[in-house]
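Handing you this structure, nothing more for now.
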Amino acid sequence: MRLKTLFFLLIVRPLLLLLSGIRAEGTERLPRQGPAILVANHNSHLDTLALMSLFPAATLPRVRPVAARDYFYATVLRRFVSERLVGILPLERRGVKKREEHHPLEPLAEALDRGEILIIYPEGSRGEPGELRPFKSGFAHLAKMRPHVPVIPVEIKGTDRALPKDEALWVPFIIDIHIGEACYYNNTVREFTRRIERFFENGDPHADR
Amino acid sequence: MNRVVLTGGLILALLTLATLILEIMRRRSGLPYRELGARIRSWWVMAGLFLALILSGRAGAVGLFALVSYLAVKEYFTMIPIRRVDRRIIFWAYLAIPLQYWWAYEGWYGMFIIWIPVYLFLLLPFRQILTGQTRGFLESTGKVQWGMMLFVFSVSHLAFLYGLPEVEGHGGVELLLYLVVLTELNDIYQYLFGKSLGRRPIAPAVSPGKTLEGFLGALATTILTAVALRYLTPFSVPQALAAGAVIATAGFVGDLVVSMIKRDVGIKDSGDLIPGHGGILDRIDSLTYTAPLFFHGVYYIFY
Amino acid sequence: MNRVVLTGGLILALLTLATLILEIMRRRSGLPYRELGARIRSWWVMAGLFLALILSGRAGAVGLFALVSYLAVKEYFTMIPIRRVDRRIIFWAYLAIPLQYWWAYEGWYGMFIIWIPVYLFLLLPFRQILTGQTRGFLESTGKVQWGMMLFVFSVSHLAFLYGLPEVEGHGGVELLLYLVVLTELNDIYQYLFGKSLGRRPIAPAVSPGKTLEGFLGALATTILTAVALRYLTPFSVPQALAAGAVIATAGFVGDLVVSMIKRDVGIKDSGDLIPGHGGILDRIDSLTYTAPLFFHGVYYIFY
Amino acid sequence: MRLKTLFFLLIVRPLLLLLSGIRAEGTERLPRQGPAILVANHNSHLDTLALMSLFPAATLPRVRPVAARDYFYATVLRRFVSERLVGILPLERRGVKKREEHHPLEPLAEALDRGEILIIYPEGSRGEPGELRPFKSGFAHLAKMRPHVPVIPVEIKGTDRALPKDEALWVPFIIDIHIGEACYYNNTVREFTRRIERFFENGDPHADR
C-alpha cells in the first residue's frame, strides 16, 4: 500500500492543487478510522481522486472506492492503476445473480469488517455532466447488513467541468466537495436510499435529522 | 532597493502591531476573535510571500503575479455559468496566461499591450466557431474574454510595472510596492472607516457594506499615505496626491465590480483560498482596477 | 500618391468591366439580375466614397472609418438582446467612438491602443454599478465591450494605418488601400470560387455557403493579388505572400464570426443599409479581423 | 404647412438618419394620397416622427397624427410643436361623452373627407417598452363610418430602445418600420379591431387575407 500513498502525495495532490484546486466543506466529518461508507455522486474519474486526496496519508490505505472489476481490470495498465495506485475494491457485475454462491455484497461487508472506508457511487457509472441519476440501493443494502457503520454522503461538484465523461482534456476548474453528516441505517432500504438521495438534491447538510 | 527593504520592514512592523493588538483584545475580552485572527495570519502569509518574491528578482515577481492571475481567473471561470463546449475555449484562454507574463518578463510592451485585447480576442471566437455551437456564442465569448481582461490583462500590469527601468533612481519594484501597499491599505481603511463611521451605503444593491463615510475616510487617508510613501517614487507632491486619489477611487470601484459579478451569479464568496479573506478574487478585486490605471499614468508621465 | 490614384483607377476599371459583363448577361438572357445589379451599384458607391475620402486627406479618411464604426456598432447594439438599463451603458460606449478616432487622427499610438481595452473596459462596469441592476451584469457588460472591441477598436486600426508615416516611400494611405482592396477582393473570390466549385462546407452550422473550395481558391488568388499589388507597399515578395495569406485567412474568419453572432441572435441580415449587400456589418465583417492583424504585422516589422 | 415640411426635411430626417437610422419594409404600401388610416403601435414620441419621415415632402402636409388635445396643447411650446411642426389632429378626450353635441369621431371623419392621412395609436398612450397593450376600437369605428378608406397597419420597433417613455436620453438604435397591406372595414367593429391587432401580434404582412 506504500505505492498508493506515494501516488497520492506526490502526484494526485499536487496535480489537483495546481490544475483544479479543491474547496472542501466539512472535512472534519471525514472518518479517520474505518469502517465507514462514503456515498458520492459521480460524473468524472476525478471524483475518486479528489475525494481520496482529502484523507490524511495515514488513513489513505484504508480508503477503497468500489468499482466494477470488468472495466477497471480490463487492461494491464488500467489494472495496475486501479489495483496498486488507487486500490479499488473490485466488484463483480456480471453473472453474480446467476451463481449466487454468496451474497454479492459479501466482499464489501467483509471489507467493512476489516475496518476499511468504502466509496460507493450509487448512480452506477458516471452520469452526464451536472446531472444526478436515480440512486441504486446497493449501499443501503450494505448499510442494512452492517447497521453500526456510518454512511456519509459526499457531494462533488465541478469535476464534470474539469474532466467530463468521454473527454480527455482536463481544463482547470475548482472542485467543490461537500461532506455531509453521518447517517445510520434505521428504517427500510428504500427509505434510507431516499434519505441519502435527498442530501444531494437539496445540498442539505443535515440529512439525518 | 534599500527603500524596498525599509518599506517591507514597515509592513512587517505594522503586522506585528496588529497581532499584538489582537492579542491584547483577546486577553481583555476573553473572546477568541477567530475571523480576525485568521485574517491577520493570512496577511502575514501574503505579505511574506509577496515581499520574498519581489525581493527574489524578476522571475519570482513575474511568476507570483502569473500564479495569482491563474488562480483568480480559475475562480472566475468556476463561478460563471458556462456551456459544455466552453471548456475548450477556456482551455485556450488559460494557455494565453503564461505568454502574457512572458511578454511582461521580457519587457516587450508592444506585445504585452495587445496580446489579450487583440490576439486572444480574435482567437477565442475562432475557436468557438470550430465547436459548431452557435447558441450562446456571444454571451460565452464575451464572458470569457471579459474575465481574461480583468484578471489576466489588468493584473499583469503589476508584472510589467515591476520590470520598468529606473527613473530618477526609482526602479519598477519600488513603484510596484507603492501601488500594492496603497491599494491594500485603502481596502483596510475603507473597512475601518466603514465599520466605525459608515452610515450611507453607496451601492446598497451591490455591496451594502460600502459606505460614503468609508470611501471618503479611506480616500483622505490613502492620499496622506501616498504622500508619506513618496520616497518610493519619482513623484512630486501633487503627483503623489493624484496617485493616492486614483488608487483610492479605482480600488473602490474594482471592489464593487467584483462584488457585482458575484451578485449577478448569486454567490457570496468566490472561494476559501485565503482564510479570513475568502477567495483570491476577493483579495485582488481592487488591484484589477488600480493596477492598469496607476501603470498607464506612470507610463505616460515617465516613460 | 500616384500609386494610389493608379490603384483607384484599376478598381474603377474593374467595376466598369463588371458593369459591362452584367449588361451583356442581361441582354443575352433577358433576365433582370436585380440582386447582382444592386450589388454592383453599391460597389460603385462604396468604392467611389472610399477613394474620394482617402484621397481627400486625413480628416476625410478618419471621419469615414469613424462613421463606419458608428453605423456598424449601432447595427450590433440593435441586433443583440439588451436590458432596459443597458441603454445608458451603450450611450457611454458611443461616446468613446469619437475619442478613439481622435487618437487615430492625432497618431497617438499609446492612447489609441489602450483607450477601449483599458479605459472603456474599466469605465463600463462602473457605469453599470450606478444603475444598481445586478442581474445580467456580466452578460451585458461583456456583450457591449465585445462589440466595441470588434466594431470600433478593430476597425479603427484602419484609421491609424492611414496616418502611419512613410516607409521606403510608401505612406499609410497605400498600405490602407492594399489592405482594403485585398480584403474585399478575397470576399469576392470566396464567393466566386464557392459558387462555382464549392462542395464541402467548412462550418455548416454557422454559414453553409462557406466551402473549403471557396476558401482555398480565394486563398491562392488573394496571395497572387497580394504579390501583384506589392507596388503599394515596402514588402518583399515573401512578406507579400504572407500578407496575402493572413488577409485571406483572417477575412474568412471575420466573416464567420459575424455570421456566428447573427446565428446566435437568430437573424439573417443585420440590415439593409447597402442594397444587395445587407447591413454594414455584412460588408465590414472581414475587415474586423484583417485590419488589426495586418496592422500589427506591419507595425511590428516597419515601425 | 410649409413649416412642417421644412421641419421634417431639415431637422427630423437628418437627425433620425444620424441618431437612429430607419429600416423600413413595405414603404411602397404607404399611401401617396389621402384619405387613409395608419394604425401603429406606440412606445415613444419617436414613433410619430419616424413614421412621418417616411412620407415624401409632397404628401407630408396631409399626414396628421391623431393626439389628445389636453396633453399636446397644454403649454405654448408643446402646442407650437404639435400644431405647427407636426400638425397633429387634436382629439378631445374629456367631457366628450357628456356633451354629445356631435359624434366624437366626427372631426376625424371630416379630416378623411378632406383627403388627409390619419395616424392612430389604438393602444391609447405610449405603452411600456416592447409591450403591446390591448387595442381600443376607435379606429374601427372610424373605418366603419368611412368604409371606403384603407386602413394600413404599421409596426414600429426599436423606438422603445432609442427613446422610451419617461426617458430624456436618446440613445442610437435602429428603428424598424414594417408597413402592412391595406385592409377595408367589412365585418363588425370588434372583429375588425382583432384583425388589425393580429398583424402586430404575428407580424403578419397579409392581415387582410
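As written, the chains take the letters A, B, C and D, and residue 1 is the first residue of each chain.
Keep in mind that, in the parts below, a contact is a pair of C-beta atoms (placed from the backbone, for glycine too) under 8 Å apart; a residue touches a chain by one contact, two chains touch by 3 or more.
What you are looking at is a predicted structure, and each value in this text was computed from that prediction instead of being measured.
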Assembly fragments, subunit C aside and the remaining chains unmoved: A, B | D
item	value
Length of the line joining the C-alpha centres of subunit A and subunit C, rounded to whole Å	55
Centre distance in Å when subunit C and subunit D are each reduced to the mean of their C-alpha atoms	38
Gap in Å, rounded to a whole number, between the CA centres of subunit C and subunit B	36
Graph class of chain-chain contacts, one of line, ring, star, complete, other	line
Touching pairs among all chains present in the structure	A-B, B-C, C-D
Parts of subunit C lying in touch with subunit B, wherever the complex brings them together	80, 110, 113-114, 116-118, 121-122, 125-126, 128-130, 132-139, 141-143, 145-146, 149, 153-154, 203-206, 250, 253, 256-257, 260-261, 263-265, 289, 292-293, 296, 299-300
In the complex with subunit A, residue positions of subunit B that touch it	70-71, 74-75, 77-78, 82, 84, 87-88, 90-91, 94, 271-273
Residues of subunit A touching subunit B in the complex	21, 23, 129, 158, 161, 164, 167, 169, 171-174
